[in-house]
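What follows is a single structure, and I will ask about it in a moment.
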Amino acid sequence: MSATVTPDTAKATKKNFLNALKEALTEEMERNPMMIIQGEDVGLLGGAFGVTEGLQEQFGTHRVVDMPISEAAIIGSAVGMALNGMTVVCEMQFIDFISCGFDQIVNNMATYHYRTAGEVNMPIVVRGPAGGYSGGALYHSQMNEAWFANSPGLQIVCPSTPSDAKGLLKAAIRSGNPTIFYEVKNLYRDSKIAEDLPEGDYLVPLGKAAIRRPGKDLTYVTYGQNVYHCLQAAETLAGQGIEAEVIDLRTLVPLDEATILESIKRTNRLVVVNEAPMTCGFAGEVVARMSDLAFEYLDAPPVRVTRLDTPVPWVEPLERYVLPSVDDIVNAGLRVAKF
Amino acid sequence: MSATVTPDTAKATKKNFLNALKEALTEEMERNPMMIIQGEDVGLLGGAFGVTEGLQEQFGTHRVVDMPISEAAIIGSAVGMALNGMTVVCEMQFIDFISCGFDQIVNNMATYHYRTAGEVNMPIVVRGPAGGYSGGALYHSQMNEAWFANSPGLQIVCPSTPSDAKGLLKAAIRSGNPTIFYEVKNLYRDSKIAEDLPEGDYLVPLGKAAIRRPGKDLTYVTYGQNVYHCLQAAETLAGQGIEAEVIDLRTLVPLDEATILESIKRTNRLVVVNEAPMTCGFAGEVVARMSDLAFEYLDAPPVRVTRLDTPVPWVEPLERYVLPSVDDIVNAGLRVAKF
Amino acid sequence: MSATTVSAKEGHKPPHQLLSKEDCLEIFKQLFLARYFDVRLIKEKKRGRLKGTLYSSHNQEAVIVGSLYGLESTDWISPIHRDMPGFFLKDAKFRWRDENRIGMSIKEVCSQVWGRSDSPGRARDNWSHIGRRSANIIHSTSMLAGTIPVAAGVAYADRMKGGNAVVVTYNGEGSTAQGVFHEAINYAAVHKLPVVTIIENNQWAYGTPTHLEYSLEDFARRADGYGIPGLVADGQDVFDVYDKVMEAVSFSRAGNGPSIVECKTFRAYGHGDHDDDRAAKYRPTQGVEEGRKRDPIAICRAKLLDWGYLSKEEAGLYMAEGKGSAQTTNEDFPPEVVEYLNEGIEFALASPVPPAEEGGKWVFKEIS
Amino acid sequence: MSATTVSAKEGHKPPHQLLSKEDCLEIFKQLFLARYFDVRLIKEKKRGRLKGTLYSSHNQEAVIVGSLYGLESTDWISPIHRDMPGFFLKDAKFRWRDENRIGMSIKEVCSQVWGRSDSPGRARDNWSHIGRRSANIIHSTSMLAGTIPVAAGVAYADRMKGGNAVVVTYNGEGSTAQGVFHEAINYAAVHKLPVVTIIENNQWAYGTPTHLEYSLEDFARRADGYGIPGLVADGQDVFDVYDKVMEAVSFSRAGNGPSIVECKTFRAYGHGDHDDDRAAKYRPTQGVEEGRKRDPIAICRAKLLDWGYLSKEEAGLYMAEGKGSAQTTNEDFPPEVVEYLNEGIEFALASPVPPAEEGGKWVFKEIS
């Protein structure tokens, strides 16, 4: 399990999210000569955010490939490469553009193993910067994981710490299953969460949530940058004598139901927080599973705090208005705590 | 509100689902000279299932347009037409192929009104045959409504009777909002549900569910062809003295929360049934909303009966295995009733 | 090599002239085999013994047979809905029954069509959505043209492994309107990947004629927009298809990148067998008669006669041309053809239907 | 009319020769205006007064100015990220401040850039994702080339209404690799829709050079694959751009369908202003120097001098060329240019930031 986040002790020598991702990619590329990285501007430029900087120099233009602006061909060709024995990491310049390669993901990549009765594996990770709270507007702010959660055959991962980023990316690459990997771009260079990365060939298992803060009064279930919002909210609630547990899912598919269930058995209250639109989002999935599995343990309605069912608007007051705030999370916590 | 389904009294003179759709399209085309229909093979052929048969003869090649096999251009051009004052009905030959026009739907059509602060309306209906239980395999069986439910700005409609099909299609076309309209292909020619269509300019309001069978012991919430499975299940339960209410949502977005809530207040038990994959599907959305809104009224866990989280396989035993059966629905009903 | 030099190289011996008499006779027989598969399956369907749709390749067999015949075992292919015979014809020359050939056996293909466990995909997806990694056959989804980027990726991987394979993809002319067609061809052109895209231009995409699908005289000219060769073949003449595909394949194998080969042909019946009646209405009778006139079996037979590879007597033995499924009998086909398919069907009928629980399997690879 | 006859019609007077002296001077001034908008916004950003990214159109102004100048008011346009000046230059000739012209005012554009309520989109989406239905300006999403099918639909609707408008879309060369580019152009070609697609070929797509984006010498040849005209313009010469676009527009207006006009130009700075430092590393210095040599302002000035439309003295008044944002001063630009933009900025600064609750509005049209 990953180290606990220690925002205050981060030093310059510690590794940030970007460093962690690059380490993961470098190690896996060194380990597997049949692995390549492809995407727009990943080679010469080193990626819009620099995740792959220096990798083309190290591994050559054939293994770190600058692709035409063709998301469908980026995914579709990766499917062919996987069919013929390769492992591929595809970068979406922003995860929002995954919509342009959508069919190849949900109908081709996701189903290949199923259709072939297991003959063909799809060791493909589609990764990219994601999330709002960044002034990125409608097309540079999305968390669109629910589309893929409703498309059987895809693993979905969203780390919130550098060590998780490294360990989960490596685990996803080696899993042999197609994975959509959400990187919170706001965390890329966040020095507050920089940390020492575990030594050696470090993997974080898929499907295992992390308890970021223990608590006995209510359970926040979340992932990505909302982990930090929930930790802040928990801090605020603690000031009022309410101890909130914060669970970072890390992997949405497969989902660690056991950890959530155990927590609810102790706290009897559930608040699920994410920044995707509410309707059919992953927060609702957690609520739906727990309303069934944990029905007898819930002493208050299981509550969601999500984006409004709107796009993410550009200017700051509007963006803040539609995305969940720490206040919203605190209020939801109070609501269930006082129910 | 639409007539109650009366499977046994249907006669040859009654209208089936296909007839109803064609009537709706014909009437709206007559009413609005700036409306067109476009899609693959909708003109000369009259559509793969004949929904638009005869319309090109009536309205000409410029208003019933055979398009190249280009779902993105079909949707994208409709967006431009709407921007320039037209109303457009786009046919997807199977709703499964909507994945190929996905970006234009979720990022362009769905958000246009929002981005322009209301200057531009998008009176576009994207409709097509949908659903499983038909031996159609992975790519001719989908119910992919959850993708669009998580994409703000889209209305989602799924009628289960001919009169609803007509009234909802007309309402969607006139609403000025972009709509994804799911037609259950298994019902197209089902003479058991054929009925007399209400006279005159008949519209069914969006966002109003229909109670297909009243009951006091539990509530089935469903839509599309599962309405009939739920009615069968309710019949079975009735034999055991359990009276299940069956709510046909008809419209998923906007959702008629009030009708569901009222029902739960009476029955205190909820089973949501649909044929999409479970995770992040619309069944979970209904459960999540009601676990919050109706928490105090639920005397049993709110339960989902959905497709397994798998694609829809081809051969019959496998297809049946992954899709919800009447037995599954009965069992879920028994589970909550006896909780 | 430019597009023009490939398609119009002067004084260059057409590849088919290097084929032996045996090869030519085998090609002739394969045309019968492809035709027989089609008419027989229609009969089986009419008898209610089959589920799913047959997208008839009747009258288009020269494209499949001619394009596959010159490939290496190690080459890859991606047949689609109208190319069912392609699945068992890959690498089949002179060894239809060889268990070691890199292609699918008739038993496997029939097991797939009949929805049985011995299909390589265990009948989880239908009919033409089949393939096998170990057979170098790419699986398609329903989404048209969606296999071309996959083909490009297969070619890329082969190059990484130091291989020399060419990947041949099949597509109807209507499918080329898909965005992914463009993305894949452009990508393959930029990376000079050995992908030969065969366009089976049968003049119709379901109920839509070509002038509503694209705006060119010769579809092959689309290749000019990517700076790659675009060849036109007479899709009714198996030897012309062979020639043009071999030119394209050699071009690719030599490291020059992708190309497009347009094979002009004609869809003899409905889009699928469910569409036969409606097709009779939406397609002008004259056009249909015209389009069916040049039967690939007849054209091949005439050439073999002309070249002296068949005696008049031999040539008259099996007359399958110009006949629909209902009009043909087994006597219209060489006995080994009928026998081969019989074996496949018998095998399939003996193969069990997969158990229901398999529906829940193989969503993910088990993580070890 | 074939592609060749359009691009190489002999003995045909180039359209720019029909422009008056006043027109030519207006064009010259518009080049300054476009340039000034760019350098001034960079300065505003450096001062921290602006959020969002500027995708500099520096050195590419001739494409925007030259392509817009000959359009009718009723024509539609769809500028994208690198075409910010296009929003206020539509229909602007001789009447920059006219409230009735069918284009956006500088006030609206500045309100958009500054994220204020007086933007037509009330700053709900950023910078170049703007437009206005009543201004015949199509809104784009971020998804590249996604506006071309919309343009085709606008053209279709205009035809339904009996209009005679042409729709001009703008796209970087890199964006053409998107599938939707292909679907839209093919559709427009089949239906002969009046859509002129301008390719601003600035040699780079972010950090990717053209040889990794497509495999043609002249991108315009992609048009051949659709059977439509593909013209090449010198994108640094505003009059050549004007000529080629007017040829294409006339061709479309006459009912002949779509075309592609490739304007060869060069991206002077980083992809966006955030990329300037990295761009200096990934792009060879020599290429950049070479690419910046032919400044469109200088080229235009030389022609006007040559044609006697400017005296030597007049020509030497404003020397904005070859200078980055930091090196230019207001004195390098005609005062009316500076004033015009000042007005826009002042207006924007006085315009309120939209209230937070608007974030929840306009998801759906209220159903009445």
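Every chain is named by a letter (A, B, C and D) in the order it is written, and numbering of its residues begins at 1.
Note that a contact is a pair of C-beta atoms (placed from the backbone, for glycine too) under 8 Å apart; a residue touches a chain by one contact, two chains touch by 3 or more.
Note that the coordinates shown come from a computational prediction; the quantities given were computed from them, not determined experimentally.
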Of all chains present, which has the mean Cα position farthest from that of chain B?
D
Does B-C or A-C have the larger number of C-beta pairs in contact?
A-C
From the C-alpha centre of chain C to that of chain D, how far is it in Å?
46
Centre-to-centre distance between chain D and chain A (centres being mean Cα positions), rounded to whole Å:
38
Taking the mean of the C-alpha atoms as each chain's centre, how many Å separate chain A from chain C?
43
For chain C, what residues touch not just one other chain but two or more?
124-125, 129, 141-143, 177-180, 183, 186-187, 190, 212-214, 358, 363
Can you pull out the residues of chain B that are in contact with at least two other chains?
67-68, 70, 72-73, 96, 99-100, 103, 107, 111, 114-115, 138-139, 152-153, 308-311, 313
Counting only contacts in the complex, chain C reaches chain D at residues 177-183, 186-187, 189-190, 211-217, 221-228, 257
Can you name the residues of chain A that touch chain D in the complex?
40-41, 43-46, 48, 66-70, 72-73, 93-94, 96-97, 99-100, 135, 137-140, 308-311, 313-322
Name, in rising order, each residue of chain B that touches chain D in their complex.
34, 36, 62, 67-68, 70, 72-73, 75-86, 103-104, 107-108, 111-121, 152-153, 155, 175-177, 206, 254
Going by the contact rule set out above, which residues of chain C touch chain B in the complex?
51-52, 115, 123-126, 129, 141-144, 174-175, 177-180, 205-209, 212-214, 278, 282, 353-360, 363
Give every residue of chain B touching chain A within the complex, in rising order.
96, 99-100, 102-103, 106-107, 111, 114-115, 138-139, 144, 146-147, 149-153, 253, 255, 276-277, 279-285, 287-289, 291-293, 295, 298, 300-304, 308-311, 313
